[in-house]
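In the two complexes that follow, chain A is the common piece, with chain B as its partner first and chain C second.
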Partner chain A sequence: MDILASLFNGILIALEPINLGLAVIGVIVGLFVGAMPGLGSVNGVAILLPFTFVIQGFTGGATSPMIFLASIYYGAMYGGAISSITLGIPGASTAVATVFDGRPLALSGRAHVALVTAAIASFIGGTISTILFTGFAPLLASVALSFGNPEIFSLMLLAFATFVGLGGDDIPKTIFSICIGLALATVGFDIITGEPRLIFFEITGFMHGIRFLVVAIGVYGIGEMLWTINSTRSGPQMSKVDVSFKGIFQAIKDFRFAWKGTLIGSTLGFFVGILPAAGATPGALMSYGVAKLTSKNPEEYGKGSIDGVAAPESANNSASTGAMLPMMTLGIPGSPTTAVLLAGMVIWGLQPGPLLFTNQPEFVWPLIGSFYISNIVAVLLNLSFIPVFLWMLRMPFTILAPVIFVLSLVGTYAAYLDMFDVGLMVLVGLAAFVLRMLDYPLAPAVLAIVLGPIAEPKLRQSLLLSDGDFSIFFTRPIAGPITVVALILIFLPFLKWISKHYRRKV
Partner chain B sequence: MRKAEIITAFILGLFSLGMMWKSGEGSAWNPDVSRFDNIGFIDGEGPGSGFWPFWLSVIMFICCLWIAYNWYKRTSPPSQSDEPFLDSHGIKLLLVVGGGLIGFLLSIFVIGFYGAIFCFLIYYIRFLGKHRWTTALLISSGIPVFSFFFFDIAMRIILPKGYLEPLFIPLYDIFL
Partner chain C sequence: MKHTKRVFFTLVGIAAIAFSGFAGIANAWEPTKPVNFIIMAGKGGGADKMARLMQAIVEKENLSNRPLIPTNKSGGSGAEALVAANTASDPDHTIMVTLNSFYTTPLRQPGLGIDVMTFAPVGRMAEDTFLLWVHKDSGLKTFEEFLAKAKAEGSGWVMGGTGKDSEDNIITDHLNGAYGLSMKYIPYKGGGAVAKDVAGKQIHSSVNNPSEALGFYESGDMVPLVAFTNERLPLFPDVPTLKEKGSEFTYYMQRSVVGAPGMSPDAEAYFSDLFTKVYNSADWQSYKSKKSLMGDFMSGGELVAYWNVQRDLHKVILKASGAIK
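Then we have the complex of A and B:
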């Protein structure tokens, strides 16, 4: 009953004109960044994070800036389908699976059916996951209240271990990426001893540390953009879309063929989204696979199945809410976008983690309320403005890219008023481009630079407690199993490698 | 691509060694502490200030050796690729876009943010994107004007203006 009352109150606050207005703007921005190939929710959220200080200055709290960023995140999940269907290019990695059936539908002249299915499935996925979130979050937060330093460090170890064990990228490059993120987070003054660390070439700019936004905007505003410009060399062909009232109405009626995929995506996506390193992309791919596996007509998949559009689209929306669960309740982000959101919360003066639910209910419940509202706003805007988004997709990258570069530089300066950070951001961006070209995964580094300042003190305080004995991470009832699972995940690739070599020899 | 893979691993390996060396630095105000005294457990204080970054750098260095081993065994995709790291299009891109970005950054010190934004957008939209002059001028002047009113006037976040500062004084007189 408490939860329902808090939720009702939260929805009322989320409906206040300023918050509703920010949700609408956020969803529009999100739909745009999601639809543009090469841009995703993380680019939008990272580049616009500095501008939320302005919102915070205006509203005086952290709720409105967070509603704005969360709406961008939601909108981007809806927007990804638009380019997947009409151009055959996923607007974001989360919409890769939408291409499989969305593009064949568009090529057969039924793009409007695919677009409407994607929008409604996204809405149902987002709503089901928000209901699950509302039920699970306070429960998980109350359990997490009993966590001490060793438990929190073990959880962080588990978050990184999932990248190694389940990430699917090159293992040494993934571990390198995690470690460089954690190491760069130590630059500046040690908060425990007060000693300066890693002040490269004695440049005073490093004294304040390498700020998260500098890395996030460098990687996603500059590095990813350069990579996209380099990898997209010819303009794709856009499919024609029937945007007449009759066409849209018929497409809404056709949604009855998409129920099964939607339900699979909505539930599976949420639980996959909770796992760090998993998130919306594997959630969408997995849901597509399960929907195909359990379908009575699996041969229709890949040729224009409506269920094949609904499953990944409901899953990516559901997973994006699922990824918020560990971020809000444990202070551990499940994806690069939630890492940026977490960093935003810290910058706005909040302490993410289980205490957030008891200490900051005036922040938590309006935010959860805004999840419901943003979903309704997103589906309405998505369905009403399909022609506008199709027009925007025709915007040449030679106009969009320089505007994003300008936003990245101005945003970094506005956040810290320091030209050193702007220069460092450009340098990070150029380095990220080179590393991206060589298949170094950069998302673990971004996550690590957020978690580094939390993980290090937890490790050191735990070791101080145990007098330097690492067994503290194995002997405590909650930390022990988590550490063991983390180590299994870390060593899983090694075990696979050994068994592969052994089998080859046999 | 193959050559780039090993060169990058070598540079990152050197960077990791540099990080190890740097992590071992003691505080300047305590001459009794010698290098690498801070990377272990200090009685009564717990792990030293260099403990975390030093051991992370060690793992980074081991990863670089591992990447080099994969390169030798040709097990990673870039180590198997015979394609160039950057073809002629990629090199041109890096020079014109990357160079343009660095030029944008450096010009901020001379002509300030607004002047630099205008020049960078003209350079990119008109000369790289080959759009019409009207489109280029409209966007290139619209964005600095909007930014000025948003940051300097509405939000009081004063962006650097370099040698163009005197041009803005009359605007401040009018709007502030």
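Then we have the complex of A and C:
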């Protein structure tokens, strides 16, 4: 009852005109930075952090500034899907898994279905996670604490396991693709020894490692565009786009087919989000993998599955709410964006940590209230803008291709202000095109680059703990079951593949 | 009506600040584009929180006509950041917030070709302090109990810290050497993750800075046993120093802002002035006392002299631990 009363009060404060207005502006800004390739929520909140001091000057408290930044964060999670679907370039790293099925849907003339599904799935993911946050924040904080190095490594192993099946039937090519990704992920400085690794030709650009967004834009912006040009010499025929409101309403009704993916994404995404090591990008990728793994029609994935859009989109929203939890209750940011939010909280005079909920209820509850409100604002705005997004798809490919090319270049530069990354992105794009021609699945490589840098230090820290004994992943109460499930999932398709080939030969 | 009045006064205020700014800094060097503000550590650690606070103060007090853009370069105990600053294409617009890895990393990796004395001494913002932390469920109340317990556990006692051969590693090595312990040291990416793992009982102890452990200290999860400072810290009056326990060992971490090698004297003067203002701001002073930071502002020749002393000290420490020859 106590929680409900506090929450009700919080929602009322979030609905005050100034807070509601800030939420609307924040969501619009977020939609925009999310939709721009290269720019993500982190750029949005970092650029507008100074503006929050002006807001604080007017309202006095820390609540309104935080509501504003949180709305940008949410808006960006919705916005990321827009360019993933319409252009095939992930708008933000969190939306990379949305490309897998969103793009094929758009190419087959069902962009409106993909966009509507993404919007509603985002809303449900955001709302479910906010409910979990409201009810169980202190409990979940202790869950986050119970995940040490071996537990997080087991979870990463599970993520890889769900992706072994992702590349289709060709298991060896999938494994090869994962290995390429893992190798690229080791470039740069090693945390455990402090030594540089794989600094090719002593180019300093490699010292910071190969950044995920560089690979994502290279693979999906450049690589995919080249492949489209190559496979449709005469210029690809985009099927006619349905921009009528009737089509959109039909798509809203058809959302019932996306329930399963949405539920998987909402819960798994939230859970991955609350672990300080992970964040929204691994959450979205894992949800996609699990949705496919548990689907009755896994063959649809990658070709335009609605569940394949709903799972990552609900997950990235859900995970971004989840990532607020360690930031607020433990004072540890799980993502670059929450690092900026944390800095904001400190300067607004708050002490994030286990006592925040007890000491600062007048900050916490309106913020949680605003999570609910921002999600409603975001889904309404997003749905009403869909005809505008669809209009972009009406451009002929001869115009769209140069636009994608330019956006890929600008987006890569905007992300880190580093020309080395732009060159590397083009190289990655060319390599991706070649691999694609040879029929290698690329999604597993992308996954490996996201998860590799998390998994590797956790593996080595765990082995330091156990003096090199691998049993640490089996004997701990949380890590053990996760490891076992992951290993079963990894070897299952292997066994299937071997038995299939064996039978063929006999 | 009230609001309009406030808006009006705010606008007048902004205009006044803007004009006074124009008058005051005529002819002086000013940044002509956003300033690259490199953070020599990962997200969420003490250095990161502090750097973002500095940036926020600059924005809040409207101290600079161009924004500072923070970028985390945590790779290789600061090596990535040092190399990035050393090879910056525009040293006048590249500044960096540094830790003690500013001395240790170039000593350990001469191949990087870094000479820290070529960096511009913009300003020392604080000296951070270290305490020894354990979880309250360990039941340990004193440093002596800790020593007995850690000795009994041998290499089963796990100490977490930020990076290899870093500040935390140096203190751990000292404790191991001076008290005959064989604690196992596990490097992490940032101090926030270390504190979280002590609070979650994943590791046994840490030597976190107060700013990293404060949340868990206030909630009672983490208990400080000893401080590695000259005097007891005002924030932890009941926690003895290692000196009181008969040791000469003290250890501080510098929190300095430096300019990239090759920064012009005019730009250096501008940033020194900027960070003097940040240092004197109410926000910075309150952060300093709340997070138990020591040390006064220092810049120019004084800061270079301080670096020299510190670098020699670290050379001795690293040689003793066998990290360098």
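What we mean here is this: the second predicted complex is superposed on the first by the 282 of 506 C-alpha atoms of A that agree within 3 Å, B and C clash if a C-alpha of one lies under 4 Å from a C-alpha of the other, contacts with A are read in each partner's own complex, and residues count from 1 in each chain.
Definition applied: a contact is a pair of C-beta atoms (placed from the backbone, for glycine too) under 8 Å apart; a residue touches a chain by one contact, two chains touch by 3 or more.
Everything quoted here is computed from the prediction, not taken from an experiment.
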Touching partner for A:I222 - first (chain B), second (chain C), both, neither: first
Touched partner set for A:A5, first chain B, second chain C, both or neither: neither
Touched partner set for A:I332, first chain B, second chain C, both or neither: second
Partner chain in contact with A:I192 - chain B first, chain C second, else both or neither: both
Touched partner set for A:N230, first chain B, second chain C, both or neither: first
Which of chain B and chain C A:L464 touches, first, second, both or neither: both
Chain B versus chain C as contact partner of A:C179, first or second or both or neither: first
Touched partner set for A:A343, first chain B, second chain C, both or neither: second
Contacts of A:G57 with chain B and chain C, given as first, second, both or neither: both
Shared chain A surface residues [contacts with chain B and with chain C]: 57, 190, 192-193, 195-196, 417, 461, 464
Complex contacts: residues of chain A adjacent to chain C: 46, 49-50, 53, 57-58, 144-149, 188-196, 204, 207-209, 276-277, 326, 330-333, 336, 339-340, 342-344, 346-347, 351-355, 416-417, 457, 461, 464-465, 467
Chain B - residues contacting chain A, complex: 1, 4-5, 8, 12, 19, 22-23, 25-28, 38, 41, 45-53, 56-57, 59-60, 63-64, 66-67, 70, 76-78, 85-86, 89-90, 93-94, 97-98, 101-102, 104-105, 108-109, 113, 117, 120-121, 124-125, 128-131, 135, 139, 143, 147, 151, 155, 157, 159-160
Parts of chain C lying in touch with chain A, wherever the complex brings them together: 6, 10, 36, 43-44, 48-49, 52-53, 55-57, 59-60, 67, 69-77, 79-80, 83-84, 87, 105, 108-109, 155, 158, 163-165, 184, 186-189, 192-193, 195-197, 199-203, 214-216, 218-219, 221, 283, 287
Contact footprint of chain B on chain A as seen in their complex: 54, 57, 170-173, 175-176, 179-180, 182-183, 186, 190, 192-193, 195-198, 200, 222, 226, 229-230, 233, 396, 398-399, 401-403, 405-406, 409-410, 413-414, 417, 419, 422-423, 426, 429-430, 433-435, 437-439, 456, 459-461, 463-464, 468
